[in-house]
Amino acid sequence: MKRLLGVALGILTAIGGFVDIGDLVTNAVVGSRFGLSLVWVVAVGVVGICLFANMSGRVAAASGRATFEVIRERLGPRAGLANLSASFLINLMTVTAEIGGVALALQLASSVHYLLWIPVAAVAVWLVIWRVKFSIMENVTGLLGLTLIVFAVALFLLKPDWGVLAGQALAPAVPDGETVPTYWYYAIALFGAAMTPYEVFFFSSGAVEEGWTVKDLVQSRLNVLVGFPLGGLLSVAIAGCAAVVLLPAGIAVTSLSQVILPVAEGAGKLGLAFVLVGVVAATFGAALETTLSSGYTLAQFFGWSWGKFRRPVQAARFHLAMIICLLVGLAVLATGVDPVLVTEYSVVFSAIALPLTYLPILIVSNDPQYMGQHVNGRAVNVLGMAYLVIILVASLAAIPLMIVTGAGS
Amino acid sequence: MILGDLLGTPVRDADGGRLGRVADVRFVLDGTPRQLMSEARVLGLVVSPHSAASFLGYERINLAQPWPLANLLRWRHRGSYLVLWEDIAMVGKDAVRLRPGFTRYSASLEDGGRQRAGDGK
Amino acid sequence: MVLNTPASPPLRGSRPRRRLSVTVLCAGLAVLVVGCSGVSGSVASAVKDSSSAVATARLALRQDMEGKLTRAATATTLDDALREVDTGRSTVQKLSPATREDRDTQRQALEALDACAAAFATARAAVSADDVGSAPTTADGDRALAAAQDALNQLGDKAGGT
């Protein structure tokens, strides 16, 4: 019974933890401009994140060490540094975007300007990282993030023409008024949002924090294989809501306030309350995860002691690095740059950096010296190589498309 | 000098002809026994004619998965070999020069890299 | 320490050529980007963004009247939308049209966008004022926004036609 509860809890937090500001904004933007014609990208992205999160969880469980540590040791400082700089910069951008997202959601709830909420959000993130136990932190934000299911509820309450939606999803076409390069630019953005590299690093470091062993592999696999696809469905519901309410009204999403309007339309003030709690929880949870990921990657590269399972005084550099990351994020947001814009760029840059993140994971998870008998199977390797090609193409196409489309405008 | 600076340095034979670049430095653990492990000793340099980038671990011949990657990396490092430290005449800032009549040993590692490098060609 | 450094071999020709092709590529892309953003192009995109913002504001106001949106959310949505209109307006303002036709386009766009901003002011005042006094009602705000939306649509049709 207790084990079953653990499994359920793991799956639920995986669902709630899947969606972050990148998924929220990108799916709503795409839904409001392209309907459901890019849903296939979410599907491709979810399969990819399942594949690589699983690999990275397996590395952590089999070797007892976080993926990035193994990458640094196994591939050497040069490859490790390429990996570190790419993922760290993206991570920093994502931290900034998530904190901005928390502040924007709090503004929607309170009408107090979001710039005033930003320091509050950052201090809250720091306090939780400093004081709260890892498992409590993960479970609370994950479960509260589940209230985002209200997007799916609202979609049903809106009574859309399901045939039209299914048609958009199953026979994808570029809608009138949008160009082919813009379509592909957003395809890459959506892919980057679904496959955000921090999730994989966080997943493996989290496995070490919670002391996983090979025995926990079944549960971790369940969490990923059930939780992430359901999280992906949530993403689709966000896009669906935007496609049903915003697209016909000629509204292209550029702010978080537009993302929640369809929920209010379908589910009224109660729905609004749920969605605001969900957005705050999801972005706050992701802010915690990305901040921790910054600390994890830096500490694991330079060989500092790290982890929330240690007292902060025993992992001083790890905690200091995270404080500095939060301050950098604060400084960026204090310039008044639109957090939604930061989000849109962060998902595209994530896509650009993906090969540097995922290639090493694929290599490490094939190494019997670390993995013993738990090396990748043939099917996983075939899929992994296929994804490596997709990731490489997306990464190479991202910058030219960004220039040609003027970043999707 | 810092060992990392040596990576990528051009390698020349005794007549100044270009052989390739330093791709790796090979160590053996056969020095004085210490608490954790024996002291490391530099065995030699791995010279790669086509690429000075890392082998990413695929110098170990029992590692063949995923095969497109393994083959790609092996192909990038085709013709690479190990030169023993005794065969190196001079380590300079801009080049490593080998002694005349140096021996090319196989750069691949057997048994997960725990054994001494192979017998050469 | 180094006694005799052998002369380094001449670089192969591939690198400068690669740099050249990158330059050509960038130049081509730059031309493409600049070509798409003349006066009429900028005006069209500003009008498009603003009409999306006005549509957002109208949706929010309607939801507010139907009791689906809290005042805080409505106010925030209006502020976000107004910011979008202001951005469009300042882009159009900064244009330096060369021909008379372009100057006319700019003037018409600015008139429409000013009307938008005024309508937003009405709507915002209606949302911030709780008591029914001299302040405009939400319905007034919606009417003003509807008029602004019509003006933008006409402009958009015209810009799309040319």
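By letter and in written order, the chains are A, B and C; residue numbering begins at 1 in each of them.
Assume a contact is a pair of C-beta atoms (placed from the backbone, for glycine too) under 8 Å apart; a residue touches a chain by one contact, two chains touch by 3 or more.
Please read these numbers as outputs of a predicted model, since none were measured by experiment.
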Top chain pair, ranked by how many C-beta pairs fall in contact = A-C
Chain whose average C-alpha position is farthest from chain C's own | B
Where chain A and chain C are represented by their mean Cα positions, the distance between them in whole Å = 28
Length of the line joining the C-alpha centres of chain B and chain C, rounded to whole Å = 58
For chain A and chain B, what's the span in angstrom between their mean Cα positions?
-> 40
Provide the residue numbers of chain B that touch chain A in the complex, in ascending order.
-> 4, 7, 54, 56-57, 62-63, 65-66, 68-69, 112-113
Interface with chain B, chain A side, in the complex: residues 74-79, 359, 362-363, 366-369, 375-376, 381-382, 384-385, 388
The chain A residues in contact with chain C across the complex are 107-111, 245, 249-252, 254-258, 260-261, 264-265, 268-269, 272, 276, 400, 403-404, 406, 409
Using the touch definition up top, name the residues of chain C that touch chain A in the complex.
-> 29, 32-33, 36-37, 45, 48-49, 51-53, 55-56, 59-60, 63, 67-73, 75-77, 80-81, 83-84
